[in-house]
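One chain, chain A, appears in both complexes that follow, with chain B as partner in the first and chain C in the second.
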Partner chain A sequence: MKAAGKGHPCRSMLYMPGNNPGMMQHVPAFGADSVLLDLEDAVAEREKDAARRLVAHFVREIDFGGVVVTVRVNGADTPHFERDLEEIIPSAPAAVRIPKCHSPEDVKRADAAIGRIEREQGMPPGGVRIHAMLETAHGIEHAFEIARAAERVEALTLGGQDLTADMGVQKTRDGAELFYARGRIVMAAKAAGLMVFDTVWTDIDDAEGLKSEAELAARLGFTGKAAIHPAQIDAIHEAWRPDARELRRAFRIVEAAERAEREGKGVISVDGRMVDGPIVVRAFTLIRLGHLYGINEEADL
Partner chain B sequence: MLFKKAQAGTLESSDCMVVVSPAETCILEYSGQNETIFKRRTERIVREIAERYAPGASVQIQDRGALEVTLRARIETAFERASKEDLKEDPAGEPK
Partner chain C sequence: MSAGQNLRTIENALSRAVPVEVPGLRKYGPYVSPFAYLERQISAPAKGGFPLRLREPRHDKVTDDIKKAVERSGLENGMTISFHHHLRNGDAVIPKILQALAEMGFRDLALAPSSLPDSHDMVADCMRSGLVSRLFSSGARGEVGRAISAGELDVPVILRSHGGRVRAIEQGDIQIDVAFLAAPACDRYGNMTGSAGRSACGSLGYAQVDARHARHVIAVTDNLEDYPLHPRISIPQYLVDQVLVVDSIGDPSKIATGAARISRNPVDLRIARNAFDLIAASGLLTNGCSFQVGAGGASLAVAACVKDYMAEKKIRGSFGLGGMSGYMIEMLEQGYFEAMLDVQSFDRSVTDSMTRNASHIEIDASCYANPFNRGCVAHNLDIVVLAALDIDLDFNIDVQTGHDGVLRGAIGGHPDTAAGAKLAVVAAPSFRGGVPTIKESVTTVCTPGETVDAFVTERGICINPKREDLLECARNARLPVKDIRALRTEVEKLTGVPDAPEFDRNRIVALVEYRDGTLLDSVYRVK
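Right, the complex of A and B next:
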């Protein structure tokens, strides 16, 4: 199973109901970068135990190919939270998504419980990462502290439906009401060096709406976006396709950086302009992203 | 020890419905499109899981093409529900 993280881009994160074996067994066929097996909203209260057991078995025993496997557990305010962690952590998903992270304490509590289970199971400490879901006004306002609350936090994710409800507003098609939250969560994640995922586009029939929202998310700096249907994956991937001109320049920057290193030069110059560290890092990131679209060298553009 | 009859799973494609109830010995009723192919495999899995919960159990399985992981998860859930004393805590434990 692939670990999430900086080396493996997660443009799309496909929600999958945790009590539906027919859908879960087809995960590798959908083409998403990562999957989110859901024990929370997609599972009826009376089936929580069945879904938890099913997901634990799937994560432990099924080969999902290159897909990064994460599990959304029930919130700490429910009677299912501890049991979810007890059963899911030993199956070693790449990450668990903790919903309704209201404050750093919510993350610390989850981190302590996961750490204890890892120790009891003889698992490597910190191996199962946390994706902290922010879906309250309070959570958004504490985004950076939440991001820094534990070492194992790897991503922040925006929950747009619950957040707009908490704000007392409607989620609209153009998403103006989420503009501040998106900016804030992206900045917090970047400052903490984490990945950051945008909320779902809920209208499956509105492909145009999905396209513009995914493009906005990519422009704002999100590293990926959640999908609620396999049909949304292609549009999400398209939104993160690197711009050809920028990618061409990235190839030249990386080439210059490698040449400078060989020649022991500290200063890199590309197209007559000085290039410094963060730009080289971004060039490498763009090139890695390009690989996902079959662009492995400048000639592929 | 089993206290009551309980079920887990669904009759949807790629799933299975498992009903477990207390019995003197381990009894399996298995049905599904591929019942002749998978009967022995399913018997082995049921016996292995029953050993952990209650060797005396009647297990009925309607298989709709479930993978082995799904089968195991559903049988375990049915056994766990049947092992619970408190009905109120687990409304899903009682078959409709």
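Right, the complex of A and C next:
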């Protein structure tokens, strides 16, 4: 099982065409936290069957190292949806990404199908998670209900290309048109306790644009961002690098929290100020994030 | 019985069987270690120096008749001819001359080019026809490689590094009788350069050696300029016996290809990133550093990382070395290095830079890499990034034989710079076309593992265990260090283990000479 699981950071999610074994075999080399093997937009209609078989085989047989493996299946409105699930779920990816989640019913349908396949295959129920991709105005407006539609929903993801088309606007470099959607989807995910991924930056030659968009996503509260080329991974990871000052404080908060627990004290105080529960949780999250940048103690800063 | 058969062999320090003598060539010693030659105290004067020539003032050197030029050179059957490979795949001089020699009925010549371009399949025909009976080269590819590996030459081909070739010439192992040197710009007295003319190729660093040591030197040009050639002379008139004017010395579009682009292949870029990270971690990238890298897309990606790092840290290097790419010249022009030492230019953007920029310096192959002179630049080098076909668990490198055992590469400056540099990084994909790069034991050792400090792939960095200091640097920088055996297992899980090619071990078709003239390995006939 290649479960992402709670707490496994997925700052980057690398798109990889599901019909390109030459690239898929190199996944562990690129340094992404997670990979998204794509059966949908990256695969031409007449190659759908071959790609599905190939991806199922790869997920089952290939050692992806520590990379979290997810698969984007075709939408429920296509003839491929059911067959994708039938063949992909038994290979036990960490999650499947369901595109074009329009309403909670889309997620419920996928959940029911996945649950049935898991039972038939004798797999642990709920093992394969759902990443719900919101890429319509309707989907965005129902983000929270979608997030809560099934237990196995683990993440919401924003599909910026289709969404701007649905909104009848152009996707621009500064992304002002997506500002509301980003805020809405992040808030829904946070309210439901899920991960939330930002859309791709499509211009692989525009490193500056990628950098500023990734930084924006990190500031808004996204937990990660999709990448369409391995060259984008480093910039994405850099955007989530914890601020040194904040991290220093996190070390002190955690130390104080541990001390308070040893001493049986209910109140935690750092630098003479009281610290609440959510801040302690955030401090732990920051420190886990710091590990990904080789920062294991304050001295590493 | 052919000379390659049943030779008496001895095991060298790498446990490779190598002959003690090759009939028709010379006696050989086995490879011992990279600098074992320093114990030998050679004091004999160099052989193979150019002989004295007595010429009347203002005598005429120019002809447009190949056959007359050959006749005047005194070439005879059994002699040795040489060419340079600065025109790369655009070269038309080697085929033109060999064809004329065939028409003149020559036989049994030794062909001793500085290397053979990929495109010269016709040399295989010359081997089959008996025109060429012996070959000394840096490499053999294409049809020539296949013909040699099939055992079509009786005498084993001698494969040498660029530095080793100069040593061989100066010690008399190669005695060049006639050198046919393509000259992109030449005057009527034989002053020549590669940095001008429609067939310009840049540096003539390999040709300079042949010009100094050949018994007879013929400049072959399609661009006769007014005397004296100016502003630049790479090979001076007093070394040149004749000037042969031909229609064309080659195809300019293939001589000076457009500048190589930095690879966009994600695997190449990952390899480059890992290689750069190791270089940075080594601590060698400081003010006054020196650097050599190839011109392939992945190599340029390493150079690009190095440049960004130097810019960020405000580092100014001393020199860049070797085959020179446009990217390196850009780094020179932008002030990242004080000078570029250029033995061979790789692309069009480099060609006229030497004329424009006095810090872009043409050096000859002896200055570049000859281990037996009073100091070559390769021995002053800090960092070199090299390629490989295969590597083995002892870090020995094969740049000659592919997975099928057939000769398909060239040694170039690989062993020279690996031995000389403080840090020799070999960068290659962990597998290509489903064939793993790490072997238990390489087919042909071209560069001994003891001169290779690290092997860098997209899947991680393997450090030679003898470099404990480097391993510590890499670990401290949290680089993805992997044991080479573990990486081999990881890759073979994906690829499986390919069958080894089958060889006829009684039939040596080529020998790899180390730069000091000892034998590194034998190449056998492929069954």
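Everything below uses one rule, namely that the second predicted complex is superposed on the first by the 298 of 301 C-alpha atoms of A that agree within 3 Å, B and C clash if a C-alpha of one lies under 4 Å from a C-alpha of the other, contacts with A are read in each partner's own complex, and residues count from 1 in each chain.
Here is the rule we use: contacts are C-beta pairs under 8 Å (C-beta built on N, C-alpha and C of every residue); 3 or more make two chains touch, one makes a residue touch a chain.
These figures come from a predicted structure and were not determined experimentally.
**Student:** Tell me which partner A:Ala231 touches in the superposition: chain B (first), chain C (second), both or neither.
**Tutor:** Second partner only, chain C.
**Student:** Once the shared chain is lined up, is A:Gly294 touching chain B (first), chain C (second), both, or neither of them?
**Tutor:** A:Gly294 sits against chain C, while chain B stays out of touch.
**Student:** Contacts for A:Gln25 in the overlay, against chain B (first) and chain C (second): which applies, first, second, both or neither?
**Tutor:** After superposing on A, A:Gln25 lies in contact with both chain B and chain C.
**Student:** Would you sort A:Arg46 into first (chain B), second (chain C), both or neither based on which partner it touches?
**Tutor:** A:Arg46 contacts chain B only, not chain C.
**Student:** Can A:Ile62 be said to touch chain B (first), chain C (second), both, or neither?
**Tutor:** both
**Student:** Once chain A of both complexes is superposed, is A:Ala244 in touch with chain B (first), chain C (second), both, or neither?
**Tutor:** After superposition on chain A, A:Ala244 lies in contact with neither partner.
**Student:** Please work out whether A:Leu54 is in contact with chain B alone, chain C alone, both, or neither, and reply first, second, both or neither.
**Tutor:** In the superposed model, A:Leu54 contacts chain B only, not chain C.
**Student:** If you lay the two complexes on top of each other, which residues of chain A touch chain B in one and chain C in the other?
**Tutor:** Residues 25, 62 of chain A touch both chain B and chain C.
**Student:** Would you pull the chain A residues touching chain C in the complex into a rising list?
**Tutor:** For this pair, the touching residues of chain A are 23, 25-26, 28-31, 62-63, 229-231, 294.
**Student:** So in the complex, the part of chain A that touches chain B is made up of which residues?
**Tutor:** It is residues 20-22, 25, 46-47, 49-50, 53-54, 56-58, 61-62 of chain A that touch chain B.
**Student:** Mind listing the chain B positions that touch chain A in their complex?
**Tutor:** Residues 8-9, 12-15, 66-67, 69-70, 72-74, 76-77, 80-81, 90-92.
**Student:** In the complex of these two chains, what residues of chain C are touching chain A?
**Tutor:** That would be residues 264, 266-267, 269-270, 457-459, 478, 490, 493-494 of chain C.
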